[in-house]
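Each of the next two complexes has chain A plus one other chain: chain B in the first, chain C in the second.
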Partner chain A sequence: MGFLFQHSGLFYITPQIAVMWLIGFVLIYLAIAKDYEPLLLLPIGFGIVLANLPLTHLMQPDEGLIWRFYHYGIQWEIIPPLIFLGLGVLTDFGPIIARPSLIFLGAGAQAGVYLTFFAAMAFGFNLNEAATIGIIGGADGPTTIFLASALAPHMLGACAVAAYSYMALVPVIQPPVMKLLTTKKERLIKMKKSRKVSRLEKLLFPIISTVVILIMIPEAAPLFSMLMLGNLFKESKVVERLASSAKNELMNILTIFLGISIGATMNAEVFLNPKVILVFILGLVAFIVSTGAGIILAKVMNLFVKDKINPLIGAAGVSAVPMAARVVHKVGSEEDKKNYLLMFAMGPNVAGVIGTVIAAGIFLTLLK
Partner chain B sequence: MSEEILAPLEGKVVKLNISIGDKVEEDQEAFVIEAMKMETEVYVPCDGTVESVMVKEGDEVEEDAVMAVISCE
Partner chain C sequence: MNTIHVFLTGITGVFLGMAVLYFSIKITSAILNNFFNVKSGK
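After this line comes the complex of A and B, so read on.
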């Protein structure tokens, strides 16, 4: 009995460890009771608890079970691109092909990424850390994780939790910004129906965009190529088994490994330092600025286009798909129930995914 | 004059609240379509009478499919 007691983790428990348990429990609670991004926050929350149980060696390099998930899945940059494979299958780029100018809204909403990059440096973070914090504003989990593991692995846990938490809070964060920056008249704008997109266009889009984007920004290749391959699976309609697996079984399997691994990187030493609070504040700033930038850009575009854009859809440039589009639809329907903005908002929403991957590619090109 | 109720997005009709001959009001809830993990309500565009209904609960509809026609007052 004494032998067992001596080898237990009991004497290694510190207040810091207890705090981390609390954080893990809070995330688990939010996931289960409040339905906050449960697919990620539940395993992350549990992973945090696991990482802070002394002597388990779960994260022991070369030996630990969860270290292996983390090393081969995330450090080797395998999981995020494969998640993008599934996302590509789930994404319909039709709204963007029908009205390509909406790509600007996806690009403009990345303003929060760049602004936060500079703000983070002003707060003392180095270039790599600042880029990782900035990309939180892109509202894209896998891209955030991909960039963090390449540039600032010690910030992976904090940035990932911030990104997924704010994505869950999009319905809370975005509407005040949207109402502040738009007039009632603008919110009532009914947009003209976009043209129908042909099957050929939807087939050529992933192929051509991959060639073009990867020639310009080769560092974006792992994420972008998988996104467009998945989309090609979907649009070809001849590989339904592959498409179905990519968006269902594969996605779910990857999400399991991703969640546990991220949570398990958050041990007390890494997470309990004041810089982490800054990460969360800056991440929120990134989200808000991106939302605002998308809306303002839409208002600017309205000065030049004949078919007016409802500026609300600019907020959907924040690539939380399809959450941001849903929020745009809801805010629009508060003014006029018959204004169905959802499909219009999907344009900037999916463009935002591309925009965020490009932003990550740019950071990697400059900083790696 | 008649006005068509078009499906604002592709999805499944999960609720159908109107039938042929009903007297309806503008902004009354006519259908609910499920897509992208949310339910989108579709509303009657004008005061009038339901001339025809083309879908039933459980049908999959494409974007811009005509779901009903209302004869407006």
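After this line comes the complex of A and C, so read on.
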């Protein structure tokens, strides 16, 4: 009995470990009680607790169970692209095919990524770390994880939790920025109905965009190709079983491995570091700037286009699909209940996913 | 590789990538409409 007691983890518990448990419990609480991104925050929170249980060796290289999930799933860059396969099935690119100019709002929202990259450098982060922090502004979890695992693996946990937390907080973070940067008159703009998109156009889009984007930015291939393959599954309508598996079972299984692996990277030594607090602050700044940049670009575009754009939809240029588009619709309908902005906002929203993948691909090209 | 280089290349690259995508959609739609008689919405 004494032997068992001596070899238990009890004597290895430190105040730092207790703090990490607390962080894990808070995430589990937010997931269960507040419904904040529960699919990710729940396994992440539990992963944090597991990773900080002394002597369990769950993250021991070549030995630990969760280390294997992390190594083969994330370090081998398998899970984020496969999640994009499912996202591709769930995404309708119709709104940007119908009105291609909305694509640029997805690009504008990436300004936050690069401005925060600049700010992170000023705070003493190196190039790879700054790029990883900046990409949080794209509000795309799998892309953030993909880039962090390639450029700054030690920051993976903090960046992933920041990205998913801010995505969950889109309805809280974005509306004040949207109201601050638009006038009531602008929020009341009713957009002209988009044209219908033919099935052939929807079929060709994933094929053509894959070729042109990956010729330009080959480093974006793992994420972009899977996104478009998933979309081709959906639009082809001949592989319903594959499409259904990709968006349901596969995504659910991957989400379990992803969440628990990310949580388990957050041990006390790595996470309890003043730089992590900066990561969260800069990540929030990135998110706010991205929201603002999308709105401002929409206002600039209005100077040149005949059919006016409601600048609120620029805020949906951050990825966070479809939450950001829903928030745009909600803010717009507060001014005019008959102004249906959801479908228009989906354009910049899906363009934002593409924009963030391109931004990550460029970072990888320059820094890997 | 310095900060300014990454910043400028990055932001230019994103807009360039999106511009390529924009023109790809425009050209595809134009070809379908004019040469293959596939009208939008059909």
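General remarks:
Here, the second predicted complex is superposed on the first by the 368 of 368 C-alpha atoms of A that agree within 3 Å, B and C clash if a C-alpha of one lies under 4 Å from a C-alpha of the other, contacts with A are read in each partner's own complex, and residues count from 1 in each chain.
The criterion applied here is as follows: a residue touches a chain if its C-beta (ideal position, glycine included) is under 8 Å from a C-beta of that chain, and two chains touch if they have at least 3 such contacts.
Just so it is clear, the model here is predicted, and its values are computed rather than measured.
Once the two complexes are laid over each other on the shared chain, residue contacts for A:10 go to neither chain B nor chain C.
In the superposed pair of complexes, A:111 makes contact with chain C only, with no contact to chain B.
In the superposition on chain A, contact of A:172 is made with neither chain B nor chain C. Once the two complexes are laid over each other on the shared chain, residue contacts for A:342 go to chain B alone; chain C is not touched. When the two structures are aligned on the shared chain, A:256 is found in touch with neither chain B nor chain C.
In the superposition on chain A, contact of A:26 is made with neither chain B nor chain C. Once chain A of one complex is fitted onto chain A of the other, the partner contacts of A:355 are limited to chain C, with no touch recorded for chain B.
Between chain B and chain C, C contacts the larger number of chain A residues. In the superposition on chain A, contact of A:103 is made with chain C only, not with chain B.
Of all the residues in chain A, the ones that touch chain B in their complex are 193, 322, 325-326, 329, 333, 337-338, 340, 342-343. If you check the complex, the residues on chain B that touch chain A are 8-9, 27, 36-38, 40-43, 45, 63-64. On the chain C side of its complex with chain A, the touching residues are 1, 3, 5-7, 9-11, 13-22, 24-26, 28-29, 32, 38-42. Of all residues in chain A, those touching chain C in their complex are 96-97, 100-101, 103-104, 106-107, 110-111, 113-114, 117-118, 121, 127, 130-131, 195-198, 200-201, 204-205, 208-209, 212-213, 216-217, 351, 354-355, 358-359, 362-363, 366-367.
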